[in-house]
Every structure is written in C-alpha cells, then in structure tokens.
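Following are the structures in question.
Heads up, the next two complexes both have subunit A, just with different partners, subunit B and then subunit C.
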Partner chain A sequence: MNAGVGYAAIIGVFAVTALIGFYGLRISRTTEDFYVASRTVRPWWNASAIGGEYLSAASFLGVAGLILISGADALWFPIGYTAGYLMLLLFVAAPLRRSGAYTIPDFTEARLESPAARRITSLLVVLVGWLYIVPQLQGAALTIRIATGLPPWVGSVAVAVVVCITVVTGGMRSITFVQAFQFWLKLTAIAVPIVFVLIVMANSGLTVPAVAEPFAAEPVGSPTAGAYRNISLVIALLFGTLGLPHVLVRFYTNPDGPSARRTTLIVLGLLSVFYLFPTLYGVVGRAFMPDLATSGSPDALVLLLPGRLIPGLAGDALTALVIAGAFAAFLSTTSGLVVSVAGVISQDMLGGRVRGFRLAAVFSSLVPLGVALLTDTTQLAGSVGLVFAFTASTICPLLLLGIWWRGLTDAGAIAGMLAGAILCGGSIMLSRALGAEAGPMGDLLAQPAAWSVPAAFAVMIGVSLMTKNRRPAGITTIMTRLHAPERPVPAPNR
Partner chain B sequence: MPESQLLAVAVIGVLVITLTIALVGAIGFKLLRSWRELGTDAERATYTTLHSASLAGKHLRNGLEPVGAAKASKHLRSLLGCEAVAITDVAGVLAWDGIGEAHREGALGLAAKVLATGRTQVFREAVVHQAELKEAVVAPIRARSRIVGALVAYAPRAKPGLVRATSEVADWVAAQVELAELESSRTLLMEAEVRALRAQISPHFIYNSLNAIASFITTDPAKARDLVLEFADFTRYSFRRHGDFTTVAEELRCIEHYLKLERARFGDRLLVSLTIAPEVLSTVIPFLSLQPLVENAVRHGLEDKEGIGHIAITAQAAGAFVEVTIEDDGVGIEPEHLRAVLAGHSDSDHVGLRNVDARLRQVYGDDHGLVVDTAPGAGTLITMRVPKSQPRPDLGSLTDRLSA
Partner chain C sequence: MSREDAPGQPPKRVRVTAPRSQASRAPSGYPVAREVAEQSEVGQVFVRSLIRSQLRLAVVVAVGFLLVLLAFPLLLAWVPGLNRAEFLGVPFVWLLLGVGVYPLIGLSAWLYVRTASRNEARYLDLVEEDE
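On to the complex of A and B.
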C-alpha cells in the first residue's frame, strides 16, 4: 500500500476534526439573531452525533473481521450493537432525560440519595470508559501499521495525544457538531469503497461464489461458537448499550423526553444502514481474502479490501477514504469517552474545577494508552463486546431498576453493581488466564453476560428487599419526575 | 496473542498485590500508632463513649426518622450496655436494636405511659417470657419542652445505673433532635433568602422603556405597538411568581425582549453577537441570572460610552459544567469598586451584578460566584459557571412553567 496515501488520510482527519472542534461552533452559531441562537439541537443532528460517538473501531473494523473469521455467527454483533438502542428507546431514554441528571453518577445520587452509591457508580463508569478506550487505541495501532508501515504504537499514541489536546484546550465545547460530522464521514468512508468494489466485481464478472456458501462454511481459525455464546453475546450487547457513559450523556442535549425518544429512533435507523456495509465487507472478504483470517489480523479486512480488488490510483483513493473513516471512528469514540470520563473524575474526585477537568482528561487518555500499549488484541469486536458485558452486569441493572422499580435501595444498588463487576470481570480475567485449559467451562467464563447479568439483577433486587427501610424518602417525587410527561395539561392563561 | 494477554494479567495481578500490601501496611501502621498513644483505662472509656455518641449523633442529624434512628440505635445500645434498645416517636416504634426484635411493637405500649407523663419509668415485667428483656427503662425524649419520643432500654435487671444512663442518653438524643430542627430551619431560612434575592426588574428600566415607547407613539405608532408588546412579554417573564429556575433558552428569550426595548433608545449604537452551543440551551439556571448581567453591561458599560457598543454573549459546555460569558467593550469598572459592590459594601449601582452573584453562591456554593474581568476603559467580561446536572426535586415546577 502507498504509505503517502495513508499519511494524507490520517493527517486530514486529524486536522478536520480539530478545526470543527475549535471553529465549528463559532462559524455556524455566531449570530445576532436570537431565534437562530436559541434553536435546540434537532433530533436528526443529535442522532448523527450519537451515531458518530457510538460507531467505534469495533464497528468500523471489527465486525467485518469477525464475519471473515466466523461467518454468520458474527452477524450477532451488528444486530446486538443496534438492538441495544431499542432497549434504550423503550426503557431509558425519556426518563433519564427527564431526571435532569447529566452523568450516570448524577442520576444515581438523585435517585438513591446516597453519596456512597454515587461513588461506586463513578468508579464503574470510569472503569468502563477506560476499558472501552483501549480497543480504540489498539485499532489505531493496527491501522497505522497497515496504512503507513510505522510501528503500531505510533497509532495509539497519536490518537491518545490528539484527543487529549483537543479536549484539554476546549476543542470539544460543541461536541455535537464534531460527532455528527464524524458519523457521516464514517458512513461515507465505509459505503463508497464497497460500492465501487461491487461495481468493479460486477464489471469484471467476479461474483461472490454464492453468498450463502461462505456463511455456511466452517469458520476459519476459530472454534465454532455455540448457541450459548451467541445468546450470551446478544444479552451483553442488548443490555450493555444501556450503560454506556458516552452515549447516555448525549441525551442531555435533547430538550425533553419525547425528543430523546425520537432521537433514539433515528439512531436505530442510522445504525441499521451503517452495519449493512461492514457485513458486505465481511462477505466479499470471505470470498476473496480468506488468507487474512489465518494471518492474524482479520480486523484489517476493511482497510485492505478496496486496494486488493481495485488496483491503481482509484484503489489508493478508496483506501485513503477507508483509513480516514477508521481514524474518525477512533477519534470520535475516544474523545466522547474521554470527555465523559473526565467529567465524572473531575466532578467526583477533583472538586469540579476547570483545572481538575483538564487534569482528568490527560489522565483518562494516558491510562488506557498505557493498557493498550501493554496488551494486544486479536479481535476488536470481541474485546468491545466484553466491555458491553461488563456494563450490562453493573450499570444497566442500576438504571433499569432505578427507573422502573420503586423498591431499589442504595444498599441493593451497591451490592448488585459490585456483584456484577466481580462476577463478570473475574470470569473474563479467569478465562484469559486459563485460555484453552478452561475446558467445558470455557464458554461460560469467556462470555459471562448470560449468567452475570441475571445475577446482578438478582442481588440488586434481593438486597433491596432486605433493606426496605433504606428506601429514599423522596422516592415519589423522583419517580413522578422520571415518568410524568413534561407537559401534562396546558396551564390556564393568566 | 496469549503471551501478551498473560503479560496483561500478570501486570494487573502485580498491581493488585502491590495495592493490597500497601493497604495492609498503611492500616497496620495506623493501628500500631494509635495503640501506643492510648491513655489510661478511664480515658479510654471516655473516648469510647464519646466515639459512640458522635457516631450516633451523625445519624440523628435528620431528626427522629426510621433510617437514622435504626443506625443510631446500634451505637446507643453500646453506650448503654443493655440487651436491647428501642426508639419510638409519638406514633410508633422507629428502631429496635439487639435481641428479641419480635417484641418490637410492645415498646410502644411501654412508651405510651412515659409519653403521657413525661417522666422516666422502670417496668419490671416488660417482656414476660424472655429473661434477658425482662425489665425495661423508658425515658422521654424532650425537645424544646415538647416530648417527641421515648428511648426504651431492656435488660435482665434494671439497675439504678441503667436508669440514670438511659435518661441521660435520652436527653442527649433530645439535644440532637433540637439540632436537627435548627438545621431544617436554617435550610428554610436559606430558601427564604434565595426567594428574597430573586432578581427584581429595575425601576430605571421601566422608566426608560416607557419614555422610549412614548417617543415613538406619534412618530411611529407601529413600532410603539411592537415595543409595548415586547414590554408586556418582558414583564410577564420577570413578574412570574412560581419557580426559582429556568433554562438558558428561556433566559435568552428574556434577554431578547430586553434588548429590543433598549435598542429603542440606543438605536444602532448597540450591537449584539451570540455564540450559543445548542447543547447547553436546556441547561437549568437560576431564574433571571443572565438578563441582569446583560442589563449591567448596557447600563454601566455602554451607556457612558461614545460610539457603537458591542455585547458578546457565549454559552458553551465545559466538562460537566456550562460556561456563560457576557462581554462588553464599554467603559469598564474600577476593580476596587467592583470588589466593594460584590462584597455588599456599596449599595450604589450594579445591584443586579451583586444579586446574581449572591444567588449563584447560595444555590451552587461559593465556588460558583461570578468571575468578572474588568478595568477602566477596557470593557467587562463576566463569566458564570453552573453544573449541567440539576436533578433537584424543586425544579418540578419548571415543566408547568414551560407549558404556561
């Protein structure tokens, strides 16, 4: 691959992101007109921004790579990633917006009236954020190696440093514009090359040798995923989306509950369109580049496919586009996570000052960078899936029970979150440590969501029932606020 | 790659082990030190008593209510050294600590007499078929000459020492309850102060606006009519009675009405630019917290300035906070004078500025007052920072206001 193309694409994305971050607000929103200035963010904009923040390295590179390896089973990933928003739409979006809380710890404190529960939630949110950043940086490492031939760590360091600088210097002040741009960049970057690839294939008489066949074929280089694994994965993805800190803070941008719901609906549509394309890459890749599955970096499929099938300048241009899209994915998800994690850290541990936020932002970019440099992953989609399993076992029960059950107490919430964290985290660690020696328990340990999520719910409900006298005094007020529509009856004219 | 995963696991393992060792070491060191510095037996007994009392006191800070009473009763029992302790208010048993919780409801029967007479009493047959709880001492909890509850201490034999201790502890609980009442009246006072501080529409402004409108009535009746409507909208917002909070969007609308009226006087001499990040529009802020700042910029910054004056209003997200700035290129303020104004020493002008500052400090704490950068001739930049998250129950009225 032409390294110059790679450099140009990466630097271009960095520059455009930073420019929109710094000047987007000033250019698009500086006005003398109060009407223009006080227009709220339309659900379409906000949905694009949520899509931009959400579609990470796992979606952009990982899904296609997994389809390449394990065929039809990997389709559960895009389905789960999207369907999680259905859960969000049904159970969380509107009540959370009505609560007036900005972050998940804010919500916890308001609902449970307990600083201790707030602190535990903050810790978990920070942990989840960091764990989620790690695969983004690993994706950057992979991409930079393939795009430019530089050593992989350069990619991780570059993304972490650029995000850190933009966040610290205030370049994310109007994050909606940046993220919405990133979504459309990602969609273009993944859609245009595959469309060209399909056209070229059609013209030169190449066909995917019967679409069904590659799916039916035995997975290359990975053990067959059993039904348990798939069920567990879908549970993790469905419930995990409910607890993602960087997605939930975006709902604060909606002016009220109904617009929060409309936004979620649009997100569902946007994601469904997006995931069509990684799937196409996976199918075409299975037909024409099966060698990648065994060579160790199947996640590179999206990056390599256009260049492989379309030679010459056109191929280079398309590759540049894909690289740009991939970096947009790393940058947007990472910066969204750094902003929300740094917000939580600065508020709960550093007293909420501006300097505290900057310090926290630096800290939140460097810690995951350290972890990313020390570890390595073979599957981006897989490691992000584990983060989903972790949020599904900790934050999701808190939100669901907190919103829908009056009986939740602070003691129950803390016990449930800790139980979920220990069970889920412990079993993932154990499965990593044991590797193939885990035997029949291997699946149970590697994909714990199917049992750790119910366990967390059970502990939370059980302990809450045992500590009935700890129900917060103002529960009725809070519940009314969460569930009563914003505009019940028009007030009489005075 | 298994090696690198192993490495990761190893790194995490080493981290956990190091942390554990550090923690155990720190706790051990602390224990060792405190052990060395312990005093005589009598001193130690005093410390233990005071410690139990302070632990219990923390839980009684909200007055006599079930959750706090349950937590406090544990410490009260250790203070009294009896088998079981119950705390009642005038209507029911709030907490029981110790053995025999089955007899919980019986405590109210014992307390009823004491609640009526207001005197400490000993019951020899408190719980008939459980020897450990056979006798009980019941002492009234008397806060400000009113009996608010009773403390019941169960023991196999109610010795005079226990009787004395129980009535002393009951008096101590009463003192805590009084403190709690004091605390709640302090909160009420603070709320009243916020209400009192609620920004008022300035008489100057009414006078100036009416004059400006009057001057248009003959020359440009249509404009005069528009201005009267603006005036009506502005006053409707400012005079509304309910709710101490509003959103950035509403406050901007109020500023718009205000500036239209001011423009009637200033004409083209007043230019405004707005840079508002749409994310912050729905943020909840104290009612009339931005308009007085704009009014301050117009009245004290631009009125005395020759030529065209600019006002720039920006609102952006800064982490978990919203930062609003209002900047004018007017005559500026003498910093010393401003300091006196904000400290409340000078009651001349800039009333709005001081009022907003005081309210912000009331609501969000002293870290969230206004930040003013200014110098004579250099204009004024006012910065306000409020937290995005405001899940406060008293904001419930916000919603019906929006629909009104």
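On to the complex of A and C.
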C-alpha cells in the first residue's frame, strides 16, 4: 500500500477533528453548553453523535473480518449491536433521561441512596471503559501498520495521545458536533468504496474467481461457532449495550423522555444502514481475498479490499477514505470513553475539580494504552463482544431492576454486580488460561453471557428480597420521577 | 433561561469547577399541584399502573422480537432446502440475517414508541383530571 496515502488520510482526520472541535468550541462557551450541550441538541444531531460514538473499531473493521472468517454466523454480531439499541429504547432510554443523573454511578446513588453501591458502580464503569478502549487502540495499531508501514505501537500511542490532548484541553466541549461529523464520515468511508467496487465488478467484468465461494457455509479459517456461542453472544450484545457508559451519557442531551425515545429510534435507523456495508465487505472479501482469513489479519479486510480490486489513483483515494473512516472510529469511541471514565474517576476519587478531571483523563488514556501495548488481539469484534458480556452481567441488571422494580436494595445491587463481575470476568480469564484444554466446557467459559447474566439477576433479586428493610425511604418519589412523563407544554397557572 | 444576550456581545464565560451530579429537570412546567397529586394515594395508583403498563409493553415487544429472531435459525434448520434456497444468487440465510432483521428491529421500535407515548398521554389525562 502507498504509505503517502495512509499518512495523508490519518493526518487529515486528526486535523478535521481538531478543527471542528476548535470551531465548535467558539460557539459553545456557556456553562450549559459545557454540560450536556444545553440539552437543546436536536434528535437528529444527537442520534448521529450517538452513532459516531458507538461505531467503534469492532464495527468498522471487526465485523467484516469476522464475516470473512466465519461466514453467516458472524452476521449475528451486527444484529446484536443494533438490537442492543432496541433493548435500550424499550427499557432504559426515557426513564434514565428522566432520572436526571449524568452518569451510571449518579443513577445508582439517586436510586439506591447508598454511597457504597455508588462506589462499586464507579469501579465497574471505569473497568468497562478501559476494557473497551483497549480494542480501539489495537485496531489503531493494525491500521497504522497496514496504512504506513510504521511499527504497530505508533498507532496505539498516536490515538491515545491525540485523545488525551483533546480531552485535557477541553476540546471535547463541542463533542456532539465532532461525534456527529464522525458518524457521517464513517458511513461515507465504508459505503463509498464498496459501492465503487460493486460498480467496477458489474461493469468491467471483474468476475468472481471460480474457486471462491462467498456464501459457503463452512468457515474459511476457524471452526464453526455452534448454537450455544451464537445465542450467548446475542445475549451479551443485546443486554450489554444498555450498560455502556459512553452511550448512556449521551442521553442527557435530550430535553425530555419522549425525545430520548425519538433519538434512539433514529439511532436504530442509522445503525441498520451502516451495518449493511461491513456485510458487503465480508461477502466480497470471501470471493476475492480468502487468503486473508488464514494468513494475514482478517480485521484488515476493509482497509485492503478497495486497493486490491481497484487499481491506480481511484484505488488509492478509496483506500485513503477507509483509513480515514477507521481512524474516525478509533478517535470517536476512545474519546467518548475517556471522557466518561475520567468524569467518574475525577468525581468519585479526585474531588471533582477540573484539575482532577484532567489528571483522570491522562490516567484513563494511559492505562488502556499500556494494556493494549502488552497484549495482542486477533479478533477485534470478539474482544469487544467480551466487554459487552461483562457489562451485561454487571451494569445491565442494576439498570433494569433499578428502573422497573421497587424492591431493589443497595445490598442486592452490590451483591449482584459483584457476582456478575466475578462469574463473567473469572470465566473469561479461565478460558484464556486453559485455551484448548478446557474441552467441552470451553464454549461455556469463553462466552459466558448466557449463564452469567441470569446469575447476576438472580443474585440481585435474591439478596434484595432478603434485605427488604433496606429499601430506600424515598422509593415512591424516585419511581414517579423515573416514569411520570414531562408535561408537553407548560401549563398556565391555576 | 436568564442569559443576557446583548446584541454583538458573546455571553459571559463561566468557570465550571465540578460536574453537577444531578442534571436539572426538563424545563417544562411541573406544577406543585401535580407533584402533590402524584404523591397522593390515588396519584400513586396512577403511577403504579403507568409503570406496569409501560413494563408490560416493553416486555411484550422484546419477547416478540426475540421469538421472531429465534425463529430464523430454527426455520433454517427445520425447513428442508431453505438452507440452499437462493434469491438472485444470494443464499436465503444471508438475506435473512444480513438484511431482513433490520426492518424488523425498526418496526418493533416504532410500534413501541407509538404505544409508550399513548400510555403516557393517557396517564397525563388521568392526573390532570384528578388535580
């Protein structure tokens, strides 16, 4: 690949992001703007921003790579990522907006009136955020190696440093505009090249090689996943989405409950359109680049396909576009996560000063960077899937029971979250340690969501029932606040 | 909002020192009368019934969606030949999972939003009658 194209694309994305951040900064300078953009963000803007933050390395690169490896089974990934927003809409969106809390720990404290439950939630949110940043940085490492030929660690370091600087200098005040822009950049960057490839295929007779079977049932690389894994994965993605800290924080930019719902509806539409394209890459990739599944890095499929099939200047331009889109994905997801993790750390551990926030931002970019440099991933979509399983086993039961069940107590919430964290985290680590030796238990350990999520719910409900006397005194007021609709128009005084 | 918007002058900058832990409520009117009505015994009955109907709605939509989703692989496994069926050269499985699921998600979401808003409108009517 032409290294100059790679450099141009990456520097271009960094520059445009900084420019919008700076330009937006001058528009938004009041206190209300600093907090959630005055809550005046239109649903379309807001939905684009949520999409921008949500579509990470796993969606942009990982899904197509996984389809290349395992075929139709991998289609469950984008389904889960999208349907997770359906669950968020059904169970969380409007009540969480009405709760008035900015972060999940805030929600916990408001609902359970317990500082201890708040601390445990904060800890989990920080952990989830860090675990989610790691694959983004690994995606950046992969992309920089392919795009420029530089050593992989340069990519991780570049993304971590750029995000750290923008967050620390306050460039994220105009985060809504940056994220919304990055959604449309990502959609363009993934859609335009594959459409070109399809047009070229149709016109100039780029025929599918005779040996290739793009829709073959059997996977090209790894063994087929099996029903348990697919079901467990879908459970993880469905219920993991509604606990993601960087996604939830965006719901406060909605003025009220109904507009939170409208925003989610638009997000569902945007994601549905986006995920058609990684699927196309996967299918075309299976026809023309099946070698990538076994020898190279399948996650690089999206980056390599346009250049391989369209020669010359046009191919270079399209390649630059996908590289730009990939970096937009790393930057937007990472900065969203760093902001929400740093917010939690600074508020709960450093006293909530701006200095503390900056310190926390540096800290929360460096820790995942260290992990990303020390570890290695072969599948971006897979490692992000495990983060979803962890969120689904810890934060999801807290939110669902907290919003819908009066009986949840602080003791129940703490016990349930800890149980979920230990079961899910422990089983993933055990599966990593055992590797192939796990035998028949291998699938259960590697993809634990199907049993660890129900277990966390059971513990949370069971302990809450045993500690009925610990129900918060103001539960009636809290439940009313969560569910009673706002008045559509201010009523005249009577 | 009482921001001075003198023409030609940007609004004053305010130093923000700590994130507030509680966002302000939506600016729409929330009269004391209604607050009281919701705290009363009758008001609580209304609130409880609102929560119950919203939860029932969410569960029905979620379970319905998941059942249809589950039906896809079962259909493919049990109907002979469907696995090999093609449409315009693309196997049925790929069309179903790669494209077909998304309209279903959108439809479920749209139905939910419509009904949830209707539940809330009905609740508001009840509470305001009671005030």
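Please note the rule applied: the second predicted complex is superposed on the first by the 462 of 494 C-alpha atoms of A that agree within 3 Å, B and C clash if a C-alpha of one lies under 4 Å from a C-alpha of the other, contacts with A are read in each partner's own complex, and residues count from 1 in each chain.
One rule holds for everything that comes next: a contact is a pair of C-beta atoms (placed from the backbone, for glycine too) under 8 Å apart; a residue touches a chain by one contact, two chains touch by 3 or more.
Note that this is a predicted model, so its numbers are computed, not measured.
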Touched partner set for A:Tyr252, first subunit B, second subunit C, both or neither: both
Partner chain in contact with A:Asn469 - subunit B first, subunit C second, else both or neither: first
Which superposed partner A:Thr477 touches (first subunit B, second subunit C, both, neither): both
First, second, both or neither for A:Ser272, with subunit B first and subunit C second: second
Subunit B versus subunit C as contact partner of A:Ala110, first or second or both or neither: both
Which of subunit B and subunit C A:Phe91 touches, first, second, both or neither: second
Contacts of A:Arg262 with subunit B and subunit C, given as first, second, both or neither: second
Which of subunit B and subunit C A:Tyr102 touches, first, second, both or neither: both
Touched partner set for A:Ala342, first subunit B, second subunit C, both or neither: first
Footprint overlap on subunit A, comparing subunit B with subunit C: 29-32, 34, 36, 39, 100-102, 106, 109-110, 252, 255-256, 343, 346-347, 351-354, 357, 477, 480, 486-491, 494
Residues of subunit A that touch subunit B when the two form their complex: 25-26, 29-34, 36-41, 45, 99-103, 106-107, 109-110, 170, 172-176, 252-256, 339, 342-344, 346-347, 351-354, 357, 371, 374-376, 378, 429, 432-433, 435, 469-470, 473-474, 477-478, 480-481, 486-491, 494
Complex contact set, residues of subunit C against subunit A: 1, 3, 10-11, 13-14, 16-31, 33-34, 38-39, 44, 47, 50-51, 54-55, 58, 61-62, 65, 69, 73, 83, 90-91, 93-94, 97-99, 101-103, 105-106, 108-110, 112-113, 116-117, 120-121, 123-124, 127
Complex interface listing, subunit B residues touching subunit A: 1-2, 4-9, 11-12, 65-67, 70, 249, 252-253, 255-256, 271-279, 281-282, 284, 316-321, 367, 387-393, 395-396, 399-400, 402-404
Subunit C-facing residues of subunit A, complex: 29-32, 34-36, 39, 72, 75-76, 79, 82-83, 86-87, 89-91, 94, 98, 100-102, 106, 109-110, 215, 217, 227, 230, 234, 252, 255-258, 261-262, 264-265, 268-269, 272, 275-276, 279, 283, 343, 346-347, 351-354, 357, 404, 476-477, 479-480, 483-491, 493-494
